[in-house]
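What follows is chain A paired twice: with chain B in the first complex and chain C in the second.
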Partner chain A sequence: MIEIVPRGTMRPRIAILIPVIAGLAALLLAAVPLAFAGAPILPAYAQMASGVFGSMFTVTETLTRATPLIFTGLAAAIAFRARLWNIGGEGQLYLGALAAVWVGTGMIDGPPILMIPLVLAAGAAAGAVGLLGPALLKTRFGADEVVTSLLLNFIILIFVQMMLEGAFKDPMGLGWPQSEPILDSAVLPTLVDRMRLHAGFLIAIAVALVAHAVLAYTVWGFRIRAVGGNAAAARHAGIGVKRTILGVAIMSGACAGLAGVSEVAGLKGYLTSDLSPGFGYAGIVVAMLAGLSPIGVIAASLFVASVFVGADSMSRAMGVSSFLADLIVSMSLICMLVGGFFARFRLRRRTTRAP
Partner chain B sequence: MSGSILAMRGMTKRFGPLLAADSIDLDLYRGEVLALLGENGAGKTTLMNMLFGEYTPDAGEVRIRFPGGDEEILPPGQPQAAISARIGMVHQHFTLAENLTVLDNILLGTEPLFSPKRSRRRARAGLHRLMETSGLNAPLDVRIRNLSVGERQRVEVLKALYREARILVLDEPTAVLTPQEADSLFAAIRDLLGDGLSVIFISHKLREVLAFSDRIMVLRHGRMIGEMPTSEADAGGIVRMMVGEEQARVDRTVGKPGAPALGLAEISVPASRGHRGLFDVSLTIHEGEILGVAGVAGNGQSTLAQITSGLLQPGQGTISIGGRDVRRLSPARALREGIGRIPEDRHQDGIVADMSVAENLVIERLDSPEIQRQGILRRSAIAAHARTLIDAHDIRGPGPQARTALLSGGNIQKLILARVLEAQPGIILANQPTRGLDVRAASEVSRRLIEARDRGAGVLLISEDLDEILTLSDRILVMHNGRIAETKSRDRAVIGAMMTGGAAA
Partner chain C sequence: MIDILQIFLSESFWAASLRIASPLIFGVLGTLLCERAGVLNLGIEGIFVVGAMTGWMAVWLGAPLPVGVLAAALAGALFGLFHSVLTVPLGLSQHVSGLGITLFASSLASFAYRTALPQVSSPPRIEPFRSLDVPILSDLPFFGTVLFQQTALTWLALIMVGVVWWIMDRTPLGVALKAVGDNPEAVNAQGLSVIRLRMGAVVAGSSLMALGGAFLTMSAFDAFFFGMVNGRGWICIALVIFASWQPGKALVGALLFGMFDALQVRLQTEAGALVPHQVFLMMPFILSIIALVIVARRADYPRALLTPWFRGQR
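Take a look at the complex of A and B:
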């Protein structure tokens, strides 16, 4: 018989090592489906690596891809810290994008110094409102936010499609369901000449650092951690649990909303209903890989983005399916969960006495 | 083991430093009801979980005698073996799938997983026969969610009987039943004893034990303290055995009561899923006294504590602090008004296990300027504060920055006590403050409570440990069935009778 025995303390070094090992293990395990797909394994890995690190272009592309993941990863990490299960990052992202388009396509105009913060604020507010609804239903009526926030994703997406066919439709768009372009004064500047990497990346890093500081160094963060750790004890200690949850909903929704702003105002320039290939959902994976740490979210986003960009490049060169990227990300999550288990428990062989 | 159908010998189970069961012997005879009594944590449930294979004992063996005369030692730690030895257990908390019908629940686990055809008709006929002979009736095609708790309890028993249990363990079967439902359950089970069923019955309700059982065993601190035929038992004697007459752990000193500190007037709370009801509860705690509330668990003490902590708003009645009426008492308000609270369940309500010891020490005073400045935590001040309290209260563990989960139960209680006493509260609610603690930790807690009283605090001490109440309290209240009564007596038998619903003396 094998017994599961909890370990005493977890050393911080192990806490950092686990996701790294998990990521590497997932990359190694990817050899199995690669072999099944009939691709030469070592050249495939080489192609994947050069697809990420090969040139200035590939590196900036990876960072560009990581940008929305940092935002949605933060949205999930912050909410999950308080045990608010926000599965609605995708919808909040679209709300943020919609608000950015609403404010940024001619409602008002001004210098970038005014317009960029305004667009960001509008998107963050819209995202916050998107999660505040489910959070209020949770605190008022005990409605399960997993269900409400998830279902809201589809409602919001359909609403966005409606707006793109109606009020927000670009009259110069040749009939395509897309918004008018964001005004030049509201576009996030690019960071490197002739590359797509934009200021949204720096904003994402800054938001992650702020989130880390809030959680670790402020009373507000203390309350969030207490409510997430043990809501009953937090309530007993006089912490306003419902207020804390609503506040967390605003922070989390705002992060997801910023992902939408960053994609519209930084990358695409206008809104379509295929703005996000599931960044909201991928954010959940990123947050779990990061162990719900905001700093970890940055690293996990870079990893997930590298896998996606690298696998894209590999699939083009080798003719294997680009779904391999999803497979690697999923496997790294499983490896992470297994690794987390072994960090907290050890297995002990138990000798059973004969009766 | 002449005549017994079940013999447990030397059953021992240790959880870390706690000896939950200490070489307990138990015999069960054919056709009898054996009542197992003891305070919370006395080891009753631990013992039954070892019988049922849910815990693996550290030592001891379970012997089963079959009707033919064969004997078998149950392999430890295997519920399947207990089931095939025809031991059935009805847990305190129901183990029914709410969205399935009664029939489905009863058959669950008895059918082969991949059998192509389910012999429902045969099962149904068998169940109808069983219901007829046992007198336990349940509507087979109704979903569990639509049944009352009494009906659900009957389904649990039917489930065990359907598996042809010869030994039935009932763990506080009436905790959620009305007296009428309980009576009908007992009557039905009584009828089955003639057919060779034997019952082990765990309960806190002495009246039921005296009415329903044939033999009584009392456990205390994991050891078997005594055993007697029910016909020779009386309530007072049983209570004495349950709570013990050990030497007082702390010398009793007398407080000097001053002005009223906390008053509850005619507080009533309707019963609900989460808590027992209270009826017209009035009490006054004075400065400088310890007011003890005795009673068997589940008679409304938790509800009283929730109201005093600010976690629950009473339906009726008023709360006054220092002579002023307080309209809505919330936990934050209670803290501001100087009520220090030691919660009953320290793990659930007392600490955030994943946060550090230092953080748990300041969790009740986040607004204090010593802890924060403009919303920013003063981390070094918090750490220094933690070191001071850890030294003063001898909180042992890996240090102030370690996760609180790593502390032992006794040290977690010291942490909570340190946090409460540091605020110099005028009123202290101590709900089961020494439950589960070893003697030394318990006497430390008692000493601190007396110190606080001598400094002028009014202490409301709720405890199931009658010794503790008698040793510490200046005045004693007894709770029974959501009502409260004061007693001048310090006689165990008198208080014991009040705890079981007898008249006040």
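Take a look at the complex of A and C:
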């Protein structure tokens, strides 16, 4: 018989090492599907690496791809800290994008100094509302937020499609279901000449730092950690558990909403119903790889974005299905989960004791 | 109003309701088995995709339809085994593991499909299950169409309701399964293996989920599309709460859902000019949330759901 034995307290160095090992393990495991697809293994990895680090362009592309992942990763990390299972990042992202398009395509116009904060605020508010719904259904009626936030993803996406074929449709769009372009004054400026990397990246980093400060140094952050650690004990200590959960929902939803704003106002310039290739779900992987730490989210986003950009480049060059990127990302989540287990426990052969 | 009455009186409406309900019956029964044993299985959405892809692929490669169904169930069982190893003996987060399984299973299925068929513009078709034409019975008015012109997979779903009910309510195994989801320590005290019971339930439940996916590619349609599962798995997670974890009510819940979906499609053609068709597409998801909210307060969750059990630790 095999017995599970706790290892005692985890050293911080190990805590940082696990996601690194998990990420590397997932990359190594990718050799199996690569072999099945008949691609030469080593050149494929070389192509992946050069797809990420090959040039100024590829590096900025990776940072651009990391931007929405930082936002959705923060959304998941903050919510999961309080054990609020927000699986609705994808929907909240679209709500944020929808609000950005609503405010930013001609409702009002002004100088960028006014328009950019306005568009960001609108998107954050919309995302917050998107999670406040499931959070209220949880605190008021006890409805499981996993299910409600998940189902809302589908409702919101259909709603976006409806708006893009209706009120928000670009009359100049040649019949395509897409929104009007964001006004120039609301577009997030690019950071590097002739590259797509935009100010959304810096905003994402700033939000991550603020989230870290809030969680680590404020009473509010303490409440969130207390509710996540042991809701009953937190209630006993006089912490308003429901109020904390609603507050967390606002913070988390707002982060996911910002992902939508940054994609629309920073990258695409207009909204389509394929704005996000699953950034909301990938954000959950990011948050878990980050150990639910906001600073860790930045690093984990860079890893996941590298996998996406590198594997995409390799897929194009070698004719391997681009689902490989999703496969590697999902494997890194599972490796992280298993790695976390072996950091906390070890397996021991049970020796039969004399009675 | 007359129009709605006509819809409810038509045979094709009821036949469609049962057809739409079929994959959900598999899915809710699978979820029920997992959760009754104390394990949440959010891998369901991905397991649906795997079942849909595997069943279709087996038949496309030349296997007979029943072998395709078995292949789908086996693939589902494998992913269920994976989820159960992570959550039962290792006791890892059921939420995270389940989401990981969904992401892993759906990307693996999509990758395998694309790798096997790199350059197809339109998805290749198979010869799917045909509706059973039972002599005499199929010619009965109303019931003939509604019940006896369904495919074998719909019948399998209905039979599985009975099988799961019988196991849960009439066998010692069912008693043990329910107990392991409520009070695993008591089961352990009886000398039964909590680990084996839970893992078995997750494996069996996951293979049922995969059959739900297989229904889509082998009965409802005849090809595999990306995104074809489209939230059906998640809806099952909501329906099982609505069904209070009971097989009979699971059938009722899935049928009600099938009715609303069939109604939605018919109203779409009736009122398509007045309301955007997306409003109707949203309805199933909105109804699932409403149903969940209504029953949430008095939902009697299995008491040890989400709680891992370790030997010698209370």
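Methods note: the second predicted complex is superposed on the first by the 352 of 355 C-alpha atoms of A that agree within 3 Å, B and C clash if a C-alpha of one lies under 4 Å from a C-alpha of the other, contacts with A are read in each partner's own complex, and residues count from 1 in each chain.
FYI, contacts are C-beta pairs under 8 Å (C-beta built on N, C-alpha and C of every residue); 3 or more make two chains touch, one makes a residue touch a chain.
Remember, it's a predicted structure, so these values are computed and weren't measured experimentally.
After superposition onto chain A, the modelled positions of chain B and chain C overlap sterically. Once the two complexes are overlaid on the shared chain, A:117 sits clear of chain B and of chain C alike. Using the contact criterion defined above for the overlaid structures, shared-chain residue A:166 touches chain C, although it does not reach chain B. Looking at the shared chain after the overlay, A:234 reaches chain B, while chain C stays out of its contact range. In the superposition on chain A, A:222 makes contact with chain B only, while chain C stays out of contact range.
Between chain B and chain C, more residues of chain A are touched by C. After superposition on chain A, the stretch of chain B that runs into chain C among 5-13, 23-31, 95-103 or 275-283 is 95-103.
Contact residues on chain B toward chain A in their complex (touch as defined above): 61, 73-77, 309, 311, 330-332, 334-335, 341, 343, 348-355, 359, 363-364, 366-367, 371-372, 375-377, 379, 398, 402-403, 406. Of all the residues in chain C, the ones that touch chain A in their complex are 42, 86, 89-93, 95-97, 99-101, 103-104, 106-108, 110-112, 114-115, 118, 230-231, 234-235, 237-238, 241, 276, 278-279, 281-282, 285-286, 288-289, 292-293, 296-297, 299, 310-311. Chain contact summary for the complex, chain A toward chain B: residues 8-9, 217-223, 225-226, 229-230, 232-240, 352-353, 355.
Touching chain C in their complex are the following residues of chain A: 3-4, 33, 36-37, 85, 87, 137, 141-144, 146-148, 150-155, 158-159, 161-162, 165-166, 281, 284-285, 288, 319-321, 323-324, 326-327, 329-331, 333-334, 337-338, 340-341.
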